[in-house]
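In what follows, a structure is listed as structure tokens, so that the remarks can point back to it.
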């Protein structure tokens, strides 16, 4: 399929009278194929009409641009005909004259005879032969819009733009016109972009429904592929079992946005009540307590403090607090001992949803601190039995059903654990039934592996190379091979802290982004190793920290060490930017293994937890790219494509899983009124 | 069925009844007014003639009105002047209005001047126009025409300019999408969508012009016209003068109404509803 | 044709509490080319406290039907009975809420409601009237906008005033003519929920015209679907069985919802599809 319209990372920013600015659209990126029918849906103020006006050329994007067939759009033109909600017919012209005006002025290279033919053909196309001599005031709303559609199509535009075309008509008249428009578009294979707020309309007409979040900083929240076969008939479409599933998804999205709108309004009101003294200062708080678990992934935090990046952004008193376990960190955040913390990738979502009967704590994560850095180590015994890969492991487990097989993990919601489960399951090994998983510290794992109590574990360094060095185990896979560039550690803050200290939050992220850049420069790595090794930080011999981080990584005694440049990734390839697609994947995996229910309102949850707004602000202030595409497919090692816009179909498709619950997660009201009722189980 | 629907009357009869019914209120009210007038003026020492007396005294004037100095010829005289002055005002007023409407600089520049001049009462122009045309062959005639022109032009300019500025965004959007150029835009969008405003201006203009001409003719000498006719009757003060004046005043009103309706009707022909 | 006009049968009906009876109502407009039949033999009885929605394509005469209940129009044949009495003219026992609010723009929110209260309950003391106005505006959540004029408030708030005004005079039937048609999706849903809460509390009889199938399914006990005009009839009546009090999310997830919705869609787009011109 060829891309006809390329909406390339556009922002639309309006200056305000008080000197500030209003960001209507932020980083909207969308490619529309030739012949495709795309709908833009969202609540009022989501910028959907602004986006359409930018495509039409009535408005210009502030950043980025729209390219139509290789040409940048700078002004309106007949190649993008617009059908307006209020018809925009010229009242002094008849139906025929209105259509003729467009044809005669645009198709000037055609002989008059041919133009006349085109005009008459289009009058018939919309069934207005009997009304051709009438003026708009003598027509019903539906007939007016048909005239406008005929006028638009007569000049054969490359794209037909429809701005709530049936919004002014009553619901039932609307229905008839939708079917007519659909028939015409199918016949002409017209590429269409339609703004609408009518869910049924969007579903009936579109190939893709683009759901936009609320402004300010509106962006694409979710994309739904509508797969009914064409030509479509309304009654056939609504009787398709997928119809109400799709409809439910859009409505759920809109409901989430509705709640979001109310919440933002409330936050706004509360903000107004707070005296504005804090606004004058560079940051609201210079004293920040930042919790972490001492591993090489903590490097950016330590570097930011030691190399003065925190101080550079006005954070003069950042206190780094080393905690022994992730649970202590989570509790510290929840009970306000910590302002912010380094967290495992799954923790922000898990904490916001609430796992293990803990009280949910809404967390915001606006930055990724470290990517990759894990490996799966199996016991020497398995190595001696000839196990070299996942397939071998499965065979070994199957060969000895009488023996207990067990694996060690640090935490259920770490990216490493989720990847381990995923890795095992794609090899046909049920991580809960074929083997047993137990939680323990990394040091404990290595110990237990050497004693033969467990068969393998997933850990970060130095625990893998240490086992290789002692010849008690071997590395069967690094996470580079499972999902190269996945997020491993993130920065998390309580949502209310983020609301109260927006400037501090941004300053913190700016400091940490610079620290991440410092960490990814291999020339600095030896210095960092010395820093980390200090007793007040990791308190480990420097030699233990080097494998993978600086030195080549050794998988087994029999293999030569190999240099893995991305084993610890902090900055390159927009490493620091939180990716929504990864977050959706984490949600699906947590639901798959029964750790948390899958939130029916997942878009809302992601909008709140994965704050692109704050990251974007920090990145722009540093002159960096402020976002990444959240809607591209993710491909893992097993070749399975994960569509971050359609997690429910993905959950339907997985074979090895626990009972999957789909629930509405009410973030603001821990006592759930509705949840219990809407609970349902996916097989 | 409990009640039968009303028996429909034939269409023509229905129409006749409708017209008849619509005539009843004006006939009753006008008759009452005439009656009241007659009663008020029936006193022996009344200076004002009653309606009966007016009619009886002006029969000759009405029938003999087509002579050189007769009332109808004077009315025609006035109408001719209005016609010339008004048409000139319309042409120039629309042209200026469009120019000002399109060009923000000119609009902002001329707005204060136009606002001042448009409030000047017509008669205040009389001395100036008289002096201006003193050297021309027919000074009084030309001064009168100029007065009409200068009175009628302001509302036409202002309304046209407003109309041009207020072209609905819908229409300009259509023009932008179709990439209509200057001439096409003027003819296909600008003029048609401004026409309703232009006609509002023209209607106000014709009313003002007719107001102005009667007063001007009263004051200027040697020009004739219906204003002069009234003034002559007033100064001569013969027995039937008041009746003639009343007839003339009534005619002026009637003509004013007709002029207004004609412009309105022309507008309705051009303006899409 | 059934005849139900005899008084005996009417009393029989009162026994199983038909509150509002639309009895063989037809409406015919004479035109030059012959009679134009808008409604043809409409039979419907509404129980006290019932919430009925009427849906149909434009031109199906549903507004005419509602006008005959409110008394703005009279049937050509047949009659509309409220509590056994024929309706011939508008009255405060049947309050109408229009799509375009019909508020007086020069009066404040309070005064708009007060005008209705003082004209219907002139015998009540000033304090009592004030109490009625304030409690009704409170019910629709407008305590803070009480001194605003219609021009200063949003469409949703205007419609709330209109509903408060209608309810303040304690009508026996609340008639709603596409009340939420002009509102945006969010406000519309909010108002539907508020209306339902008020209805739950007061159990007033409601008759409402709508174009929106989802709105009807969420709100009403029975959905009356009209066939197309001319000579429009009641095509089908759907019983809407969802438990009350209703929760939108629960209603929409009910498998019966989809069935009813598709039934209504089938009626309106398939069996009685309507094509202008």
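Each chain carries a letter (A, B and C) given by its place in the written order, and its residues are counted from 1.
Convention: a contact is a pair of C-beta atoms (placed from the backbone, for glycine too) under 8 Å apart; a residue touches a chain by one contact, two chains touch by 3 or more.
Please read these numbers as outputs of a predicted model, since none were measured by experiment.
Novice: My parser should flag the chain pair with the most contacts; which pair should that be?
Specialist: Counting C-beta pairs in contact per chain pair, the top pair is A-C.
Novice: Which chain has its C-alpha centre farthest away from the C-alpha centre of chain A?
Specialist: Most remote chain from chain A, centroid-wise, comes out as B.
Novice: Based on mean C-alpha positions, which chain is nearest the centroid of every protein C-alpha shown?
Specialist: Of all chains shown, the one whose C-alpha centre lies nearest the global C-alpha mean is A.
Novice: Centre to centre, by mean C-alpha position, how many angstrom separate chain A and chain B?
Specialist: 70
Novice: When the C-alpha atoms of chain A and chain C are each averaged to a single point, how far apart are the two points in Å?
Specialist: 45
Novice: Could you give the separation in Å between the centres of chain B and chain C, each centre being the mean of its C-alpha atoms?
Specialist: 51
Novice: Which positions in chain B are in touch with at least two other chains?
Specialist: Within chain B, no residue touches at least two other chains.
Novice: Among all residues of chain C, which ones touch two or more of the remaining chains?
Specialist: none
Novice: In their shared complex, at which residues does chain A touch chain B?
Specialist: 56-58, 75-78, 80-82, 84, 86-88, 90-93, 101-102, 105-106, 135, 137, 155
Novice: Can you list the residues on chain B that touch chain A in the complex?
Specialist: Those in contact with chain A are residues 170-171, 173-174, 176-180, 184, 188-189, 192-193, 195, 271-273.
Novice: Provide the residue numbers of chain C that touch chain A in the complex, in ascending order.
Specialist: Going by the criterion above, the answer is residues 56-58, 178, 181, 184-186, 189, 211-213, 247, 249-250, 252-253, 258, 261-262, 265-266, 268-270, 273-277.
Novice: Give every residue of chain A touching chain C within the complex, in rising order.
Specialist: Residues of chain A touching chain C: 43-44, 127-128, 130-131, 140, 142-143, 170-173, 175-176, 197, 234-235, 238-239, 244, 248, 251, 254-255, 258, 261, 664, 674, 677-678.
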